[in-house]
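Once you scroll down, you'll see the structures, which are given as structure tokens.
In the two complexes that follow, chain A is the common piece, with chain B as its partner first and chain C second.
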Partner chain A sequence: MEAKEQSKKKELWYWNWLIGSVALRVILIYFSNNLNLASRPEISTPLTSLRRLAEGYWLKQSSMSPYAGSMYHGSPLLLSLLGPLTAKRIEGQPDHILCSLVFVIADVASAMFIRATGRNLQIAYGQSLKFLDLVKLSEKSDILPSGDIAALVYLWNPFTIVACVGLSTSPVENLAIILSLYGACRRIAPLAAFGWVMATHLSLYPVILIIPMILLLGYGPDTPPRKLFLQRKYVEVGDTPSNDRCQQGEAVDQPELPYVFSWRPVIHFLFWTSLWLVYVLVLCGVSVKQYGGLWELFKRTYGFMLTVQDLSPNMGVLWYFFAEVFDFFRNFFLIVFHGNILFMILPLAIRLKHRPFFLAFVYIVISSMLKSYPSVGDSALYLGLLGLFVNELADMKFSFFLFCGYIGVSLLSPVMHNLWIWRGTGNANFYFATAMAYACLQIILVVESVSAMLNHDRKLRKLSATKVLDGKT
Partner chain B sequence: MGESESENEAPKVKLRPIVRLGMFLISHSHLLSVVCCTAGVLTLLLLPLLAKNTYISENALMPGSANPMLSSQEVSEANGLVKDLTSLDLKRMASGIESQRLIAQYMSNLGAEVSFQKFYPQSNQFHPLHFFSSPDSATIRENISCSSYGLNTVGIIRAPRGDGKEAIVLVTPYNSEKIGLGEALSLGIAYSVFSLLTRVTWLAKDIIWVVADSKYGEYAAVDAWLRDYYIPVFSGLGIQNAEMCHGLEENTIRERNMRDGFKRAGTMAAALVIKVADRSEQFEDSLSIYAEASNGQMPNLDLINIVNYLAVHRQGLRIKVEKMWSLLNCKWLKILGEILESLGHLAKNLNPQWKFGIPAADYVEGTATLTSSLYYQALGIPTGPHGAFRDYQVDAVTLEISSRVSSNNKGRQNDFLLRGGRLIEGVIRSVNNLLEKFHQSFFLYLLTSPSKFLSVGVYMITFALLVSSLPMVAASLYAHANNLDPSFEKNESNHPASAADELGITLRSWKWLYAAKKVLVVHLWGAVVLLLPYFICQIPNCTPTTSFVVWVLLSIFSLLILFWILGSPFSYVYASQPQQREWALLKSVTISAAFIGLCLMSVINFATAEIGALLMVPMCLMAHPLKLDVKSRKLRNFSRVACNLALGFIGFPPTAFLVFKGVFEGFDGISVGDFWNWLESIWAWSSATYLYIGMIHLPCWILCIHVILHPC
Partner chain C sequence: MAEISEEPPNPIPPQPQHTHQPSESTIRKAKPGLKRLTLTLSVLVSFIFAFPFLYKSVEIHRAPLPFREIDSLSSQIGSSNNHPSLSFPCHFQAIFVNFNNSNAETLESLIFDELTKLTSNTTSQCSTLSVKLVNSGPIWSLIGAVDFGNGDESVDEALAGVLGGEKVYSVVVVKGKSEEVKGVVGKYRHGWVVGRVSEVEAAERVAEMFVKVFVNGGKEEGFIHGEFMPVGADGRIVLSFNLLNSNPHDWVYDWDFQAIDDTLLAPIIKALGPVANISVESQVLYHTPKSSFSFWDDKRKGYIFSTKDLPFFVNSNEWHLDTSIAAGGRSKILQFVVYIPSAKECPLLLQLPNGEISKTNGFISPMWGGVIVWNPQGCLKDSESQHPIRQTISRQDLQKVFEVFMGQFRQLFGLKSDSHYFGSSGTYSLLASEKGFSEWELDFLARRHTCFNLHSCATTLGSLSRLVQSLPRMIIMDEIGKQVKYSLEAANLAQRNASLGLYDASAVSSRQARSLAEDAFFHPSIMSVSYYSFEHCFAVYSH
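Coming up: the complex of A and B.
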């Protein structure tokens, strides 16, 4: 009874904070002209800036190619969705208020999907722990469920808030990624395929998420290492059937489920993916038909991303490097830098294959660190997802250091930018130093979270081994 | 900061060197923090010794390589202008525009393009985000009263060898309603140079002479002109207001011509503000240089160097920079200077290569100059109209020339005009040689005398030493708070298997979140406190003291409200069981926040950060709950209590201000209203120091007091 009341209270608490975050966004949107966030390089990159999108829309309206003049580099679908909203002005309201409201809705939807995903993950994890007889671990603690924490972290993260208020399209891109992960978690193949295709179409880098998504669809959500289940099974077979623990094991619906790869959802997913892919390509083809066709589109969007043509400062590390590098080495280093992301895919996939959702998180961190035009919106996404693993990462090291680092860097970066651009007393190195510090922080975050997760697995193995020994004696 | 956590994770495994280094630092943090702190203070005292002689870094400048061309002919012309202006003032013409017309007449006689710029005085407004934005976002024009306006007169000479892309600016502020002799003389100096420059062949940059109408303050006039120069308003409010005002005047057509004829030259390479002091010097002609712009920004050191070089070596003027006069008679400073001098001698005896000693008198003088340099940079208020240029990345200085005797003597006055004019001519000729904008020399420096400076690389060491103790202590407190938790220790040692019971529940490594929330709330409160004066200013007929009292009361009230809102009903998630060493975690988070804040401030305005660190670092490091100290009843603990109380007293911004004011200016006649006035001035100039006091210093002080009074 008390537990029910407690959970009700938690629910209420969650909704309060959700409404609070929406209210804060609306207030900030109202003052957005004074804040002038849209011109900050950390928030709106050449890919996500809504001002560029409005420019592209204007070009399109005057029947020119939206990609003319190297202003707009986003998707043509986003252009036809958000473009009409940018053109509408309401008297007495800040510019682009409709778009801002769309972004607020996208943020809230992302948060809800994160919450649902978190519940799903927690239930599945609880089941597999129950199967391993480590029930105590899955007991409800007095803190919120991890899904709620993740959703609130996502909503109240200052990065998310400024990305939403600062007129960047990253809330929409994040929504697509979260949608795909949610679909994969729930094994809804059409939704997962749609999310993945849209995310890839909008920002290209989520293309690497196909590996964790296939694992998610094949194996189901995160579980402890597979070896434990095999051990467990072995012990059960050896035991007498009257053993009560065996009954407990039978209480779990399908003991084989966690370590059998089921092809059906994967095939479904691939089928739906190809369907959506064709659909999106046809739509794009129709909308850019008179402006040079699909090839031009790819060159202006994905080509722009991969060849790092815009060297204006942002919070990544590539702009500085490619501003310095000699032209004849450029192609080589482009391959090296993008290869960096690809090199890490396979080893991580092998090591973390039992935790596909965590794998997806790691991929997102790595790609947002090494992508060509990173913005705070990308960080907002992975910091939100980090909240989903709050129980597993309870022993994460350097958490306080990372927290301070993130705060320090995110405050220092605008100051350094000001020193360089407006005061003229600093130079590009000042700003780039904060970008490097930021990259280092992200590296520490990813390394520490992965090692904390592996430690957690080790701990589980130890506990389960002692349990098995206890059972034998 | 959490390096030592690995201590308990795997004690036997050989750790990485960086982790071991971190553990070493943490385990010796007490000693190291004391050493670092003292070293920081000591190096601060040593700074005058470490100052280097200035040198001209940009080769293109070539100061003094050409002979001055300014002759007595120009000077006599200038004398004519001075005479006309003073006679105009004697006649007390009713319309203020007469003097501008006279100057314009003189300018156009020289063949310069003349234009007028009309501006309306703006009340200083508070823009908390001013620092982070470009200048144009601050152009909100309100409350323009049409009857009061100022009129700047601008003359431009086009350079015969230039392409009109670059310009050098001369500014002479003067009060159009009452022209003093000093102002007339400064106009005379500028005019003599201006008339010379219309004839010379070497000019590669356009010359703009702005005669700024300082009726509403020198800064406002220059700022208004610069804003029109760089950020013209094409539509909307600006024109509307102007139109509205024009309707009231009869002479509309001429006014319109005035407005439309705003003339521009290229980007500005440098700007010189020329003033002549009304007071006269006793011994020789002297020149004061004022360079501090908003937020402690300085012009490029090369500009000061050429002025200094030309004034000393060519014109024989004595150069002065601001000094903290009260420090000159300071006993202990003299003693310290003598000690350092004798140390320098000793070192020289040991090894003739070591030369770091300077005479004691120089040391005292250097310290006084350095202190005032720090103080004016920390205030963040520009020390003259040159400050307006810095906002547009133009290097500018104010040169205030004062003559030996009052210049009634005709020959004296001619000589004075000649020397001043030649100085300005030399500086302009040097700047004219520049190929790019000033970039060679330093932007971040402190002056210890007109020809000695401390670069950023030297003074940052002082600050870094002072501040480096903060992260060490924070890390060690954090590590201890995590290790000494009794429940955790028991679990680890007695039955390791049952550690898992706690696994899902205690977020061991995330325990700091509760303290972080508290710190965040207090910092939010700091932001609220910052905004309160904006509303208090609206209350009519308020003396400074009552305003201050209202402010304090409102602040306390808002603190209570914030704790009530954010403290009680929503916090049940993390606050379920108060931790044993909660104060240690709180102190650790406070110190980390202070560290971040100070580092941030050192980038924005070094001087503020340095002074703030001197006050804040000892306070943060010493903070320890009184209850624990009183319980243990030892001499050491009581001395800590005394230290805590003293530092807590001096750390509170108003008391710190009043104590320093009392020390430097004497304690009589001090009231809390002074603090309010001081704060209002830095607030009106939207100085970052104001933000620092509210967002970093005050919250940190509150948190330290909270730690000291913690009920553990």
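Coming up: the complex of A and C.
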């Protein structure tokens, strides 16, 4: 009874905060003209700017290719979805009010899915601990409801609010990624496939999330290392050699053993992926048939992302290399930056294969650091997902330093941009310094979170080993 | 990273019984197993897999440049700075009329000796020297029929009718009855001497006309300074004609430029085709005062400005002459300005250093252009009306102005407009052509421009090869290699044509050679790197 009341109070608390964030967004949409959020390079990049989408839509309406003139570089499906909304204007309301409402809805939906995923992960975590007979651990410390926290962190993160109000399409991309991860956690193959295909289609970099998703579908949500389960199982089996067969039967009968890779969901997922992929390609092909076909589409969207043709400054590091320093060895630097993302895939997958959701988080951080046009919308996503691991990452070092660092960079970066572009008293080095600091912060975040997670696993192993020893003696 | 995250030893004793005991739980006790090896190997394998792509992306592509050929071209053209020399064959033809035919060979050898004497002391351009004496044959009889008593123009035309087909320089010597010896150089490639001359004197005169006039262009050294070669690096000249109304409140003048362009300028531009590719622009400007002062002179009833004021005449602040699109490229722009003074300074007259008033009322600035001051008729001002009506300069006035322009244009090319040449053996009168340049003058210009262009091309290519060899890590694009190759080919073609005596073709090829060499040297991809300083590698951008 008490637990029920407590849980009801928690629900109310959550919903209050959610409605509060929606209200804040609506207020900012109406009253944030002075902030000029849509024209800041940290928020709107050549890939996510709504203004460019509106231009692409206008070009399409004038029966020209939406990619003519190198303004719009996104997906034609997004153009059909958001384009008509940008053209509609309502008297007395701010510009693009309908699109802003769409982004607010996308944010709220993302938060709901994060919460559901968090709940799922927490249930799985509880089950693993029970299996390992470490329930005492779960009751001893106050386990926070990571789903609610992560959802509220995502909603109230200033980066997310600014990305939503500042008319960038990041909320839609984030929604697709979160949808795919939710579907993979719940082993709903069609939903996961849809999310992954849409995420890859909108921005190329989520393609590397296929590995954690296959691991999620095969093994299930995050668990402690499988060695522990095997140790446990052998301990139980080896303990009473007489009841050998009995115990084995019992062990086998246990549902959802987290160390067995089940291929069925993966096959389903691959099937649905191919279905959705064909569907999306057919739709795109139909949209751009008159303007050069699919090859032209790929050149203008993915080719633009990979070859970094637009060197306007942003929060990343790539523009400075090509604009100020090394235009000769452009290919070399493109290979180095994208190769760094690819090199990280295999080692991390080997090391963190028992925690596929955390692996997805690490991939998202790395790709949002090294991608060609990063924005605050990308960091909004991983900072929200970071909240799902509050219990495991409680011991993370440098957390206060990172927090202050993020605040500092987000305050200094617009100032440096203003000094450079509008007042002319600074130069590109000022702005690039803040971009470099931002990249350093992200590197520290990745490194420390991975090490904190591995320490957590080690602690569990230690506790489980002591448990086993206690059990034996 | 995680493995070595032990707490560093600190003087404060560690907290007792911390719940998680990070130091104990993070140090591993067992040896690292196969997983770490797999991780390391996976990184190494990915790197090795990507290594060929990385290597290929940093290779420096240098198009091979033909350094040996460039060096040989430089040595062939000649290393001396001021007197670049290119050898042309000099073949002459002398036609003697009314002389007895007995000593034709001695006459020929006499002329040849004179020629050798004249060409030996100066830096000569003649690779081979030959003279042919004609005293029989169809040409001789036709020339014998020409009446040399008529006016110079008609004689010139008649001789052109006979000799016009050939590209050999010819001099006709006619033993006449008059005591006075007259020498005339025509508009084409021939000249004649009329009068009672002895053979020796005739030989001297003929040799002088050949060498001093035809070969050396009527100038002492036969050589034009670099400041009289107004052709741009891409072989083009833009002639910009400007009509400046200095005070439109007094009077406003316009001109019918199109008619003049068609009638007077078109033949000149066509004639100079081998030397430069010329285009013409014109504009009318208003409110363009000059920045120097003039003073009233009672005697001459006009406002006088002297040659000392000339450097300050052109008011670059208010004369917006550079509105041409070609101003940004490598073409040379020559500005020709017709300045109409205001009522306060009308009539405006130029006083020469010797005290006389200049007849043309204009001046040139080498490599910039020329200015002519045109005073409106009577300096009458329509003082009643607020806005004066626009008047057009009459056709005769415009014609006179353009004749002065022609003279200025010739001067900008280094040719004088005297109608007489004073040689050591006598004076020769030089006939003027309606094309502005006579054919032998065009030949002379073609030869000199060929020399200059080849010299400039060799210098540029030499600098390029030294630059490329001194920066071994600079990327050389294929386009530069191709431009150098074509430039060398054009230079060789120009030299071959010159040795065959084809002046026009060699001028065109040499222009091409120079333009391609300049394009290669000033190619945008190497322009930024050639000023690369080593300190940039350490981010020191101080100077």
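Keep this in mind: the second predicted complex is superposed on the first by the 446 of 473 C-alpha atoms of A that agree within 3 Å, B and C clash if a C-alpha of one lies under 4 Å from a C-alpha of the other, contacts with A are read in each partner's own complex, and residues count from 1 in each chain.
What we mean here is this: a contact is a pair of C-beta atoms (placed from the backbone, for glycine too) under 8 Å apart; a residue touches a chain by one contact, two chains touch by 3 or more.
In this text the structure is predicted, and so the values were computed from the model without any measurement.
Participant: Using the superposition on chain A described above, determine whether A:Q309 touches chain B (first), chain C (second), both, or neither.
Facilitator: In the superposition, A:Q309 contacts neither chain B nor chain C.
Participant: Let me test your reading of the model: by the given contact rule, A:K459 touches which partner, first (chain B), second (chain C), both or neither?
Facilitator: both
Participant: May I ask you to decide whether A:S287 touches chain B, chain C, both, or neither, giving the answer as first, second, both or neither?
Facilitator: Neither: A:S287 stays clear of chain B and chain C.
Participant: Mind working out whether A:F403 is in touch with chain B, chain C, both or neither, as first, second, both or neither?
Facilitator: Only chain B; A:F403 stays clear of chain C.
Participant: Contacts for A:D395 in the overlay, against chain B (first) and chain C (second): which applies, first, second, both or neither?
Facilitator: both
Participant: Applying the document's definition of touching, compare chain B and chain C: which contacts more of chain A?
Facilitator: B
Participant: Between chain B (first) and chain C (second), which does A:S65 come into contact with in this model arrangement: first, second, both, or neither?
Facilitator: So A:S65 meets neither chain B nor chain C here.
Participant: Output check: A:V447 vs chain B and chain C. Expected answer is one of first, second, both, neither. What do you get?
Facilitator: Once the two structures are laid over each other on A, A:V447 reaches chain C alone.
Participant: Examine A:M416 and indicate which partner it touches, taking first as chain B and second as chain C; both and neither are also allowed.
Facilitator: first
Participant: Quick check for you: in the superposed arrangement, does A:F329 touch first (chain B), second (chain C), both or neither?
Facilitator: Second partner only, chain C.
Participant: Which chain A residues lie in the overlap of the chain B contact set and the chain C contact set?
Facilitator: Common to the two interfaces on chain A: residues 395, 459.
Participant: Which residues of chain B touch chain A in their complex?
Facilitator: So the residues of chain B touching chain A come out as 1-3, 5-6, 9, 129, 131-135, 137, 297, 390, 393, 443-444, 478, 497, 500-501, 503-510, 512, 516, 570, 573-574, 576, 588-589, 592, 595-596, 599-600, 603-604.
Participant: Which residues of chain A touch chain C in the complex?
Facilitator: 328-329, 331-332, 335-336, 339, 342-343, 346-347, 350-351, 395, 447, 450-451, 454-455, 458-459, 462
Participant: Where on chain C is chain A touching in the complex?
Facilitator: 1-2, 5, 20, 22, 25-26, 28, 35, 38-39, 42-43, 46-47, 50, 53-54, 57-58, 475
Participant: Would you tell me which residues of chain A are touching chain B in their complex?
Facilitator: 13, 16-17, 34-36, 134, 136-139, 141-144, 390-391, 394-401, 403-404, 407-408, 411-412, 414-416, 418-419, 422-425, 459, 463, 466
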